[in-house]
Amino acid sequence: MSKSAGFCQGCLHYVFDYETPKTLVIPNIRLGFAFRFTQFLVVLYVVGYVCVVQKAYQVTDSVISSVTTKVKGFALTNASDMDPRLWDVADYVIPPQGDHSVFVMTNMVVTPEQTQSRCAELPSPSTTCTDDCDCREGYSDPRGSGIQTGLCVNYSLTVQTCEVLSWCPLEIDTELRAQLAAAENFTMLIKNSITYPMFKFYRRNILPHVNSSYLKRCKFSRATDPDCPIFRLKDIVSEAGEDFQDMAVKGGVLGIIIDWSCDLDWWAGKCYPKYSFRRLDNKHPDNNVAPGYNFRFAKYYKAPDGEETRTLIKAYGIRFDIIVFGTAGKFGIVPTIVNLGAALSFLSLVMFWFYVSGWFKIYKISLKNIFKINITSHPTPVVHFWFLV
Amino acid sequence: MSKSAGFCQGCLHYVFDYETPKTLVIPNIRLGFAFRFTQFLVVLYVVGYVCVVQKAYQVTDSVISSVTTKVKGFALTNASDMDPRLWDVADYVIPPQGDHSVFVMTNMVVTPEQTQSRCAELPSPSTTCTDDCDCREGYSDPRGSGIQTGLCVNYSLTVQTCEVLSWCPLEIDTELRAQLAAAENFTMLIKNSITYPMFKFYRRNILPHVNSSYLKRCKFSRATDPDCPIFRLKDIVSEAGEDFQDMAVKGGVLGIIIDWSCDLDWWAGKCYPKYSFRRLDNKHPDNNVAPGYNFRFAKYYKAPDGEETRTLIKAYGIRFDIIVFGTAGKFGIVPTIVNLGAALSFLSLVMFWFYVSGWFKIYKISLKNIFKINITSHPTPVVHFWFLV
Amino acid sequence: MSKSAGFCQGCLHYVFDYETPKTLVIPNIRLGFAFRFTQFLVVLYVVGYVCVVQKAYQVTDSVISSVTTKVKGFALTNASDMDPRLWDVADYVIPPQGDHSVFVMTNMVVTPEQTQSRCAELPSPSTTCTDDCDCREGYSDPRGSGIQTGLCVNYSLTVQTCEVLSWCPLEIDTELRAQLAAAENFTMLIKNSITYPMFKFYRRNILPHVNSSYLKRCKFSRATDPDCPIFRLKDIVSEAGEDFQDMAVKGGVLGIIIDWSCDLDWWAGKCYPKYSFRRLDNKHPDNNVAPGYNFRFAKYYKAPDGEETRTLIKAYGIRFDIIVFGTAGKFGIVPTIVNLGAALSFLSLVMFWFYVSGWFKIYKISLKNIFKINITSHPTPVVHFWFLV
């Protein structure tokens, strides 16, 4: 009984004792100056780098985005093998609905009047033949145009190739010049609304100070109209360091990158989108496969006799990928304490002890001798001036 | 030799000395209480805020998501200029494949039987003319309808406008009432599967306790059926604070936001999707351009004589963007140590010394005098009760 | 005056005093060894786990990605109700433009020659009728095929159903076998370019050491060709643990997951994509609705008399979702200091004091007695060997 009472008393004793490290105060101006200077560096780092540059006191959230696009413009084609033809938005924007990825056709290979039938394969080392034995019935070369019927037929007067079951006539993909060259003057309106869900922050890329009449006539220009959400295609491609007419021939993928990185601690008016442009595909022909950007689609027709025909279009063009990214930061108590606490303890402990005391000691040089100090032992807890040990 | 031996011995001496700060123990109940109370606050902050509220002991990962949607329903249009017509999914969902972005057409301007030809431009201040000199051959106004031929022709009995080469007849976009008003009763099934790759965690928005027969008849309702993945379009729009019929006329973009934020430390059954709905485009006509949401697409036909005609459709409607976001957290040793360590050292150092010792000292008030303390010097290392300095 | 001067002097005194905790050095080899061993564990944790395993010294950034895909291959269908027909890319890839989500049709239900008219609903318990009273005019069952006209008509010789206004004839969805079974041999080329904007780091999934001639003939194989960006569809599906022919019947969603997690501190050549494959939809019929993946689309035709007909296609197939994720890390001074500082202070404080000193004290066992130590009081600041208190 008395034993446990003594134990409890001992416990209480420990519970309500105040403990503090004993400190030496060395009233030496040079050592004190070195000490304070180190502390100053630490404070400078914490205030200057951690807080101002890195904003490590903030909690961050990633952007959530929705994009709507609308292309405008007309182009006239006047190819020798086709009638003059006007192309409008419904013709050259595929798919039409204006998502975050918009394809504008700038060139095409049109193969009209295709039907399900048999025709001679395009000549190539693997398709030329001299008689039927060179062709395998049912064989389908992934780089060919259809499924071989096993016959060897005349492709031209001089060349014989294997016959294929396919959509005939086959597409002949030779002539390459940008047919919709006028596409460089098309304009694209980008409407982008973003959310930072953690901060319940909503924004649009049409900024509050922009009015409707300005939007009706403006065109984006980094120098004069940085807030205008209407982009001329040629300007975008130029900003990405490419030539529109070059790119239009074989196609490509162009990133319109919208950076919504924001500091929400200050008034929200400071949060605005920053646009940049970059070509995303590899234009160099070596170390590459299928350079440029193209795809095939077909328009299907039905003849009066019920036979299905199609017009195959190999569409070359520029795909504009609107890529929205960003991180918003706002003051948060947890990252502040974590970063300040860690920076302070790390730096106060490591820097000071390591650099000032440590190395001297190893080389048997006493601080006492360097700084010619008088040592006073403080029996009372002393102030830890500023907030460092 | 003896010198280096002495150096080594000195080194070893340092290597295996145990060092500990000398501590003062002040057996004063008031000071001790203040000390422990501050420690209690620190522990409270660490346990309550850092651990329970912020879950700072967790490593986090971002969601990866795949969405499939399927719309169901029929609408009947009975416009004066068209035959009664039934619209089904293949007619009004564009594109049809049901991705994370689904467009449901609610209104349209149909311009049938367009062919490549010449016709009078729609009248506007810049297109009306009195003779051919007012029109520039080859000029293409981005806000116009085609490329001017340089002629001035009759648009109506009283108005003359420049002739354009275009798809004629031109679209006349006047009447605006929601033709597919019945779209409000359409339903959309959303299938969403997510992954947190860091935790190898997979989930679907069809929760394990939901069975097929329930799914066949349920409709999402925040109050009664919060787990049903089938949404009535009108309900979604209402939850976003909008009126469906209003929105259906001019179109708009509606975000279906699925929040998968999860705490994976507890049994995974707690991880379920939270749906919210928000209009993403700006409906106010000022500070805006091209309000609503519409796009143009065409269906191409070939007449028996080979001439291509098209039906141009300006489709107004609601684009449903299914936006999936979320962060999952799970206990991790590194963030635990970082956060606890930082919080503890920061708070123990800063709070206690700063507030209790610091200010007193500056004002030359000795703790000794305030608390009437007896100071005992402890020559042995003393317990740092709980885990605070 | 003299008072404030004294105050200032006092201040200066504090400003330039050097303060350091008094330390006990206990020259006891066992205690010293325990002390150093604990420190060794701390250092091991910091170096081994925080630095090597978790790379907590890095700042991280999330990937931004752009994907282009191209499918190649042919399939021949020979269904009893259709002519032999060849399917090429323009036929079976929907939408055609090759985004990060590609649908390859593997099966279909084709309903040709639909026109806007009236026909008998498909028989089901809710649509069979005996006379007109069983049918409600204007009623549209979401699971039905159109809008009821209120008449009860013959569906077959034995069954009467309600008449609907719809696209007739109605789709009859019964026969289910994968018609485009040859799709398993199709290949998909994936071109993926990524950016880590914070580090201005750009990469493509076609690695620098891969040349064009290799790309022309290679096929991805985890064992032999892990860098080839051309995937045979059957291989992808097999890697995901599924059977292609099974999946082709009802369709499904397959994730091609590209992990770009990179450590950018070392030479960038180490940063390459890791592919994995996973089925994303739920194939089990219970706890599911609308299993598989299908959608309906239509091709519209105009008869010579101007009547619109359509071919409705219910397309079953595999949607390949290319999901790109990743985090790149690079050495950063702030996370280094935060993590090291926090780890060190936490572990040095907690581990050592708690484990070595703490428990002994509570149980009234003096370290002095355990380790038989001689205590020397050090009046000078002593080295804190390595960087621990």
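Residue numbering begins at 1 within each chain, and the chains themselves are lettered A, B and C in the order written.
Methods note: a residue touches a chain if its C-beta (ideal position, glycine included) is under 8 Å from a C-beta of that chain, and two chains touch if they have at least 3 such contacts.
In this text, all values refer to a predicted model and were calculated from it rather than measured experimentally.
Engineer: For the sequence-identical pair chain A and chain C, what is the superposition rotation angle on Cα atoms, to the nearest 5 degrees?
Structural biologist: Here the rotation carrying chain A onto chain C measures out at 120 degrees.
Engineer: Counting residue numbers used by both copies over all numbers at the interface, does the chain B-chain C contact come out same (over half shared) or different (under half)?
Structural biologist: different
Engineer: Whole-Å distance, chain B centre to chain C centre, using C-alpha means?
Structural biologist: 17
Engineer: Of all residues in chain C, which are in touch with two or more distinct other chains?
Structural biologist: 14, 21-22, 62, 95, 301, 304, 338-339, 341-342, 344-345, 361-362, 382-385, 389
Engineer: Please output the residues of chain A touching chain B within their complex, sorted ascending.
Structural biologist: Of all residues in chain A, those touching chain B are 13-22, 62, 64, 66, 68, 70, 72-74, 76, 83-86, 88-91, 95-99, 182, 185, 187, 189, 191, 193, 195, 197, 204, 206, 208, 210-212, 215-216, 229-230, 299, 301, 303-304, 309, 311, 333-334, 337-342, 344-345, 361-362, 364, 379-385, 387, 389.
Engineer: Along chain B, where are the residues that touch chain A in the complex?
Structural biologist: Residues 10, 14, 21-29, 31-36, 49-50, 54, 56, 62, 94-95, 101, 103, 116, 140, 142-144, 146-147, 165-167, 253, 255, 257, 259, 278, 280-282, 285-290, 293, 295-298, 300-302, 304, 310, 312, 319, 321, 323, 325, 338-339, 341-347, 349-350, 353-354, 357-358, 360-362, 366-368, 373, 375, 377, 382-385, 389 of chain B touch chain A in their complex.
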